[in-house]
Structures are given as C-alpha cells and as structure tokens.
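Following this line, the structures themselves.
Two complexes follow with chain A in common, the first pairing it with chain B and the second with chain C.
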Partner chain A sequence: MSTKKLWRKPLDIEKFKVPKAEICLIKDRCKGCGYCIQFCPRQVLEESEEINVRGVHPPKVVNPEKCTICGFCEAICPDFAIFVLEKPNEKKETKEAEKNERKK
Partner chain B sequence: MSNPQVVEVKQSSLQKEEPRIGVYVCHCGLNIAGSVDCENVAKFAATLPNVVISRDNRYTCSDQGQDLIKKDIKEHKLNRVVVASCSPRLHEPTFRRACEEAGLNKYLFEMANIREQCSWVHLYDKQDATEKAKDLVKAAVAKVALLEPATESEVPIIPKALVIGGGVAGIQAALDLADTGYQVYLVEKEPSIGGKMAQIDKTFPTMDCSICILAPKMSDAGRHPNITLLTNSEVQDVKGYIGNFKVKVLKKPRYVTKDCSACGDCSKVCPVIMPNEFDVGLAVRHGIYTPFAQAVPSTYVIGMEHCLNKDGVLKCDKCIKACERKAIDFDMKPETVELEVGTIIVATGADVYDPTSLRNYGYTKFPNVITSLEFERLINAGGPSGGKLLRPSDMKIPETVAFVQCVGSRSDRGHLYCSNICCMNTIKDALLIKEHWPDTKIYVFYVDIRAFGKGFEDLYKRARKEGVIFIRGLPSDIYEERKTHNLWLVGENTLQNDVYKVNVGMVILSVGIEPRRDSDVIQKLLVLSRTNDGFFMEAHPKLRPVDTPTGGVFLAGCAEGPKDIKDSVTQASAAAARAGILMAKGKVTVEAITPKVLPENCKVCGLCTKVCPYNAVVLNKDLKHVEVIEAACAGCGTCGAECPFGALYMRHFTDDQIIAQIDALTEHDADKKIIAFCCNWCAYAGADFAGVSRMQYPTNVRIIRTMCSGRVAPKFVERAFVRGAAAVLVAGCHIGDCHYINANVQTQKRVERLWKKMERLGLNKERLQLLWASAAEGERVASKVREMQSIVQSVTKEEIEKSKKMTEKV
Partner chain C sequence: MAEQTTQIAHPLEPFLRKTTIPHIWCPGCGDGTILNSFVTALKELEVNLDKIAVISGIGCIGRIAGYTNTDSFHTTHGRPIPFAVGVKLANPELNVIVISGDGDLFAIGGNHFIHAARRNIGIKVICSNNFNYGMTGGQQGPTTPLASRTATTPFGNIEHPFNLVHLAAASGAVYVARWTTLHVRRMTESIKKAIQKEGFSFIEIVSPCPEIYGKASKIGTAMDFMNWFKKASVIQNFSDPAQAEITAEKIPVGEFVDVEKPTFEKLLREMTAQAQGKVTGGA
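On to the complex of A and B.
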C-alpha cells in the first residue's frame, strides 16, 4: 500500500475543515533568535529583510495556509513576540477569492 | 550462526574392506532390452574388477527383483550394489531402501542410467547403445567401489512458525498452524492485518461481502492465544536453517499504547490531513488514524513521517490532550524482536499494477479513468463515497461505464503473464453496478474472457444476460472531452473486423497483479528463487507447489503467483500443513552428501566461504580451518570444486569417485566421446526428459551426474581432456534458476577460466561447451549433443595429443 504514490484529491476533503490561522507578530519585541522559524513544523515563517527597533530581522509569514495552529512558536518564543489565533471560518469568501485568483 | 545440535543416527556401517560388487542389469520389459543387449552388458559387467555377481532380469524394481538383490547381499556377502536401469531420479530411493533392508548402508548403492539416457535416446542403434550401456555400467562400478557408508544426521525442529505477511493467506496459514497447537508469529508490514482483501468490496463468484467474511478471521488471528501479532513490523534478518531459524523483526513504533480504546477522539483534533492509503487516496485520514474500521489490532497509529513531531520535538500535543486514556506515547522507539522458529511461511502477497506508464489510457491524466482497486473503494459502502460510484471529476454517477481488461497483463508493455483474477473481478464489478444502477450501460473491452473456475462461467453468463456488452479488442486510445470529462474509447472490434468509438462517463482499468516491489528483500533473506515473472518459485511446479528450494520455507498466496482469494486460502492451508508435518515430526534428516573438512589440508584461504550460496562454510573461531554447518548445507559441492587444496571432501561425490567415473568412461575410444557433467536438478533431468520424449541423439555422449554444475571442478574437465576425450560438456540450470541459489555462477566462471586456458594453450576452446538447460528442455540437451557431434568429428589426433598435455606445466 505505502509504496504506491497517491495522486488523487480525496473526494471527502471538503468535509475536513482545517482551521485557518492568524499569525500575529509583535515585531519590535523580537530579538532575532530565529527559534520560531527553525522549529515551525510546517515552514510557515521566514526571516524578513526589515529591521526592527532592536536592530534585528523579525520573522515574516510566508505560508499562512500551512499553519496548523500547533502553537509551538508561541511556546518557544523567549520574548513573547509571536502568537497564533484561530480565524473564524469564512468559507464562502475564500472560495470567491480563489475564483478571482483563477480568473487572474 | 552456531553449530547445530546434530544427533547421529545409528546405521549399519561397514569397515573398509575389499569391495564385493553385485551388478543388476534391468531389461525394463523391452524399454531397455529393445535397444540394448542386456545379457551382453551383464556378462561384460562380470568381468569388471571387484564384481562378484552380475545378473540381468526383466524388472529389477519389482518385488522379485528387489528380493533377489537382498538375497544376493546376504548370500554373496555383497558390500556394494549397482543397478543399471532407469534414472536415479526415479528409482534410486527404491533400491536404496532395498539395500538398507538387507543391512547394507544405502550410500553404498549406485545406479547406471541406461534407459532415459541410453536405450530411449538410441532406439535404432542397438550395437552402439549396448557399448554405451557397458561404459555407463563400468563407470558406475568404478564409482561404487569407492563409495563409503554414511550416516545421516538429524536436526531438531523448533515447534514454532513465522508467517510473513498478514493478508488473507498469512492469516489462514497462521490460524491453521495455531489451531494445530503451534506457536505462530504473524508479521505484517502495515499497521493492520487484512491485506488487499480488506480493500475489496465483494468477492466473486458468490458476491460475498469481502470484509464481512475476512473480519472474523482477522479478529480470530488477533485473539488466538497461539498467535503473536507483530504489525507495523518487518523481517530484517534471517539466519539459520530448516528447523532452526533465528529471525530478527523490526517492530516500528505505533506511538499509541495498548490502552487505546479506538474512540477516535485523537483523530478529530489532529491538524494533519492526508490521503488515506487504504482508500487508495480517495479519502482523507489524519496523522493519527486507524487504517479502516475493522482493523486488527484496532489500536490507532501515528504516521510519523507526516506528524508535526517527526523531528523528535513535541511541537503539537493535541492528540495527547484529547486522549482520555493517556495512550499516546511519543517516546516509543523502534525495537528489534528476536524470534526462534522452525518453519517460515512466506505470504507477502502482491502489488497492484500501476497503469500510469500506459499513457494511451490516460490514467492520472483524466480524472474519470480509475483502476479496479479504486473502483472497489468507490463501490464499497464504507468507502469515501458511501458506496456510490461517483466520477471524481464532478461527483456524479456515470450513465455509461467501460471496463478495459488486461491492463498490465499479457502484454510486453506491462507483464507477460495473465493476472488470473481480473476477468472475474470485472464481471463481478459489472454485476455490482447493474445491481445498484440497473440502467447503466456497461462495456467490457477484453482480449479473452477467462472464466475457468468453479461457478465462474455462470457468473459470466449472468453478466451477459443482464446486458453487459462484451467487445473483443482493447482500445488503442482513450481521450477526454474537455468540458464534460467524458471519455472516448477508440479501438478495433476484432470479432467484427470493425472499428469502434465509444463515449462513456467513466473508464475502469482492470489492472493486473505484480510481484511485490520489495520482493528481493525476502528473496535474499530466505535464499529463494523467483521465476521470470518475479514471483517466488516453488520447489516443484506440480508435486511440491508450496515448498521452496530452501528447507523449512513455504509459500502461500499471491507471493507465489497471481491467484484469487479461494486459491490463496487453499494454498495457505497447504503451506500450514507442510510446515506442520515438519514440526510434528520434530526432526529432519540431512542427506549425507555434505562435505567433510580435512583440517590438515585447509589453508584457511576462505575461497570456499565466498562461493557457498548458503553461507554454510565458515571459518572457525581459532582460524585453523573452515567448518561446515551441516544443516545449512544443501550439498551442491561448489565449495569442493573451489578448494585448490582438496580440503573439502564432498561425500558421495568425492574427487576420487568422479575421476574414477571419468577414467572408466575414457578407457576406450575416448577420442570419439563427449564427457558431459550434468546437474541433478536441471540438465540431468532435462536429459532424462529427452529420453522420456524419445528424442534421438548421437550415442557417443557419456553423462556424469553431480548434484550441481558447481561441483564440476576444473580438474575434472582437464582430466577428461588428458584422458583424450574429444569434447566436454558442462550443463546446469539456467542462471537465476539454480537449485542452489546461484552456485552455477561459479560454474560459469570456472568454464570461462578453462576457455582462457585452452586458448592460451592453442586448443580449440569449442571442445568445452557450457549449456544451461532446465528440466523441461530435453530438446535443448539433445540438440546440444547433436551440435557437439560436428565438433567431435573435426577434432584431429594432434589436437587430442596436445590436450593430453594440458595439465603439464610449461
């Protein structure tokens, strides 16, 4: 079973609602240790190019849709500079947005 | 590998004494006497050294014939017996028993094959056939004089069995053995037992619900006090031999303990979602999951490769928090379980053919082209669509459906063999569609419909009656209408000499079965052979269909070849019975043809350890000489052929005995003869087959039997040439089919070395021929001998004189 590649989109994938995450950064608290970037299991964050008041590069969110709200970044941040909220489900809007994107 | 506990069996053994040989030449009615003057042969035999008595009789294998031998052994104090009759592959056990009954060690008996390899292949040349028979008897007498009594050793068998693979075959074999009272370890790679059968909706021809009849067996296996279930586990290492296997099994962690009540709370909160392997990717599962509702064991499992905690850092603890019974344990480590078993049943099953590479069918390109396994999940009430046959493109039930047969089977674009199950599976699937949606129009495009089993034809007729349209001729192309995702099939109707173009809503590719992609792992661990198709090979296709060439290892289910559930279960019970026979006996005797080490000759060079296919020759601890692990040794003799110092004494096929045969055969007219060395299992059996089929070939070939062509040491070939033989043939099993795994690879190397040497000495290297022939290829042996005849005729006297000095150092 496991040796074969699975390529189909599962038929029931719509039924599985994955909560959307809102990742909040308090950039000026960040001291640039990079723990959140390094330990994120889904590679949601990356180092940004901007410089904050402490003179370091705070992280930026690059793959927000990948976030599973495990909250590990929140737990590991030594400076309480990052936390994750669960977005209320806005399914319709996202669908429309997707459509718009496709049109483009 | 430790030394086996060897129990010596007491048998009447003889002190070394002057040989007193009795020769019995059998007429076999007219089978032999028709083209060999048996009386003359018997008279000739009486003149040979050490022959005390020589007789000819009509049927030596009859009770009277055997009684005569027994009487003579007592009256004439015979201590060696030669019977010149049929092939030793046929009646050697009969005469050995007769000798034993008369108090003679059975290893002091030798046969001369004057039927299959003489009278039957030289039907019209009585004079030459008689001369050949005399030669063969002379060689047998020369060998028998040098034979030595031997005692067979016994090896105890551990009354425990290992079953590899937890599909229906493995489950059945494990249950049968466990019910007999043996301890069974059932190893399954996946998190649950059940195998492919668990994925199927209904079974043909009875239309039983597959999981409904399998689930009780699965839970029986899970609950049985004699069965230890090792799921999520793989066999890593197998050492040892029949009756005494030491097996290492890697048990991968589930990360969920036995406290799991399978409530599913953890699964609900798991943020990881991915396609479920059990539903062939048509449904979603979480990172922590149970493969299917009836899984055994029902304990959940975490697929660590997709878990957020795969790096060993606990990042996500949602499942831990959700589990009331505290059954989740991320600290679980893989463990290696060491088992000691006496027998092993290989029930590793098969894979399903992946039709992606057949681009003209458009699988993976067009969403509505599905495989028969995907169909099973769609039509299954417990599947992702709740039993509705939905088109993946628009989730609608199609009005027309086409089945395409032989996808990946019976074609050089996939596999050449017939996958056995697909015809009936399609007929069953078509009937299932008709049952749920009677108005669906169903086409079946086929090459041949093979409805050969019990109740199969009835089901086929029923499908035709219900209006399933069968069209002979596979589509050459399938293409898609972009808007509707409907599919067009184009091809030739070979019954009507017409081209068809059919529009359907869904295409189901009836995919074949192929060997497990990781079959080579088990093959290497258990030293099995595989057929050209890639499935494991049985010891004998007719008479030992579940045994393997490796003692104590048996086959069940699709690992041996494509078969349906009924056949898999039948074979599993057969394999369990075969394993049970061994374990009930509690011991096994090893034929006394294994080598003995002569420590004084051994230089500890290690050559023999490298060529042994069974790793049965090992260096002993203090490195003074090598040792043979008798129970692991199969007696091919390739070590003896490799040893340059004569330190390995191949019992019953010693250097002296074989050289005595060569000398006897080359005593007269050597320059007209071909000396052939044939392995017992393929080439010698092939020569026998040529006899049974009465294939005629020249009379000047003289065959010497060895267990394996790997026994043929270069010095034997050289000896034949030195004695003036015109040509030498070395014949064995095809490469890859060797009865001793790969010992014939050594044969090839040795013959190639000899060819080089002959070239260097300015000899015609064509005089030494190498032939691979299977037991069924009698014509191959016969035509080789015919071909070599012209070489024999072209060899000049000077050439022969030159080769007589072959071994002299320049």
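On to the complex of A and C.
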C-alpha cells in the first residue's frame, strides 16, 4: 500500500489491504479483439509478442499490482479467455502486519 | 507455445457446453459478450438451470442455444417466438428466454414479435442488433441505418430502420431496455431483471459486427465499434421510446419501460378454470 500519495494517513490503514489479483489467461481461446487491453481502467494488460494457436497476440499482464479485481476484462471478454481471482494473502505480509501490530 | 495456459477452469465453465466452446463467432463479435453477460446473469441469480429454456432462431447469435448448458432449442428462421410460446404455455414453470438477432426477430419474425408482446406472454426476448444479416454475407436488414452501406446497398441504404425499443413498447412489452455490448454490467443487471419479471420482456443489445457490417459500412474494426458506442451512447432511463432512434451521433440506451400487466398464461389458466367450472356446473 503506497502511503506517499495520501495527504493524511487513514487510522485503520494497517487493517485493510488491497486484495492482490491473480489474472488468469486461457491464451489459446483468445481471438485478439483487444477489449480487455483497451477497456481495463488501470492499464494492467498489454498485447504480447507471442502468437497463440489462433494466430493472434493474446494479452499479457504488465501491471498486476495495479489490478483492483473490478472484473471488467472478465465481463467483456467474448471468448471466456480471461478471468480474475483474488490471491490469498501471502504469509510474509501477514507476519509483517503482526509485527507492526505488536510494536504498537 | 502454450506453456502458460492456466490449469484453473473459467468460473463460467459450468454454464457452457464443454463440447461446443470455444465458439465460432468472429474476433470482437458482440454475441460472445452477450453470451458472457447472459451466463453471468444466470450465475448471479443462482437459478436452477433445469428451469431455464434458451430458444434461438437462425443467424450468428442463433448458435447461442448450443453454447448454453441449459435446455435449449435452435429453431427455424424467424420462429423462435412461436416455439417459445409453445414451450411457455406447455410448461409455465419454465423460464423461457429467446435470444436471437434483429433480422430473425424483426424481419421474418416481426409479426410473431408484436403479437407475443401484445398478448403479454411471459417470455424474455434478447435481441442482438448488429444492423445487418451477418451470417449470410451482410445484406441490408430492418435495422440497417439510413444511408449505411451494406453488401446489398453499395450506394447507401434508402430504407428507414426500425426503432426496436419503440416497437416493443408500442406493442405492449412490460419491460423494455436497450444497451450496447460495452455496457456489460448494466446489460447483466437488465437480463437479471427480465428473468425475474413476469410478462413479455425485451432487451435490445446493440452489438458490433466487425467482420461483415464493419467492413461494408466502413465503420471499421471491433474497437472502432466500441469507441462509437462509448462516444455516442447516452443513458436515458425511462425516456420516450419514440425518441430513442439510433443515429451515428446518438445511441439512447437504458431502461425504457417497466410496468406490470397480467400475463397471458395467468389469464389463460383463470379462464380455463372458470370455463371448466361453468361446464361442470351446468351438467
């Protein structure tokens, strides 16, 4: 969580975490329409260099940390080739959070 | 090659038939987004899939009956509504959803549409409006905009198009909405609302046809269609359907009609019970 941009630190910032996204691509289903790339509100995706079995460039994830799991790519994809899951919290982070809590 | 292919199945996979997916629609075709929205609506409503019947006619979107993992029926050209009416009257417990194209529902099947709406038969009609007959090569259809070029109107269309929401509202539909395939969330909400509603519901979905209509009309690619929808669509909920004509500058979208009326199957049951009572009483 980047606190630099906030002019005042919210009191409960330690409790809340931005969920981490796991963006799953079924690359061989992609037909390369580009909707997910164009209409992602956070510019998470980009066209890749590789060529899939359909002869098009499927998207690739370039900014996974920006994803807020709005799921618009999943909703607009005409080919059921992309979906977003929430990653379970990593252990390291929870340990760090516990340490922070203990310090207080 | 495909080394990154994920092992996890798509969350909507149980709602699709494994043997028919991936579908054969063109890259960027709106029909895929409509299928996505429709199955998302089914998932979010948590309906019993055995109580859903999807009926489609002929056209690109007609294949949707084969892609949904529900009871489905791919009928003859222009006749999905008569088949759906038969299904609904034979088994009123079923949720009967007609998904078809503009040419199928409003050209060859136009009469069926207006009379099913007039009788307020409890079926839901989702129309994918792509402005032409895409499957057969892009001929001019009843929704082709004026002056638009198609395969059969190389110098521009001289026929005035239907305003589908006005037609549905004037015919007596109890729920009328129009969205474009860019409005995926609102489209899904509308489909959910229509599925839960009793009576004749109609949703028009303005859909890109990049490979056929896009090339003939020189609109361009799927992304050009979507950018047009983004620029031109204006949400006007419960505005006058008569004013909701689609032009190059403006696509009025939103919910236009949401009223309550007794349905045909309910009145039919009441009348049958009443008539049987009279007959047995007189004998």
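The working rule: the second predicted complex is superposed on the first by the 76 of 104 C-alpha atoms of A that agree within 3 Å, B and C clash if a C-alpha of one lies under 4 Å from a C-alpha of the other, contacts with A are read in each partner's own complex, and residues count from 1 in each chain.
Methods note: contacts are C-beta pairs under 8 Å (C-beta built on N, C-alpha and C of every residue); 3 or more make two chains touch, one makes a residue touch a chain.
Because the structure is a prediction, the values reported are computed rather than measured.
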- Task: Check the residue A:18 against both partner chains and state whether it touches chain B (first), chain C (second), both, or neither.
- Result: first
Inset, instruction - Name the contact category of A:69: first (chain B only), second (chain C only), both, or neither. - result: first
Open item on the list: For A:42 in the superposed arrangement: first (chain B), second (chain C), both or neither?
Closed with: first
(message) A:7 in the overlay: touching chain B, chain C, both, or neither? Say first, second, both or neither.
(response) first
Problem - Partner chain in contact with A:78 - chain B first, chain C second, else both or neither - result: second
Note to self: Touch test for A:27: chain B only (first), chain C only (second), both, or neither?
What the structure shows: second
Chain A residues where the chain B and chain C footprints coincide 39, 72
The chain B residues in contact with chain A across the complex are 189-190, 271-273, 275-284, 308-311, 313, 315-316, 318, 351-352, 354, 364, 367, 374, 384-385, 390, 392, 395, 517-518
Note: in the complex, chain C contacts chain A through residues 1-2, 4-6, 8, 10-13, 16, 21-23, 25-33, 35-37, 40, 181-182, 184-185, 188, 222-223, 226
Chain A residues touching chain C in their complex are 24-29, 31-35, 38-39, 52-53, 56, 72, 75-80, 83, 85
Listed in rising order, chain A residues that touch chain B in their complex are 1-4, 6-13, 15-16, 18-19, 39, 41-42, 68-70, 72
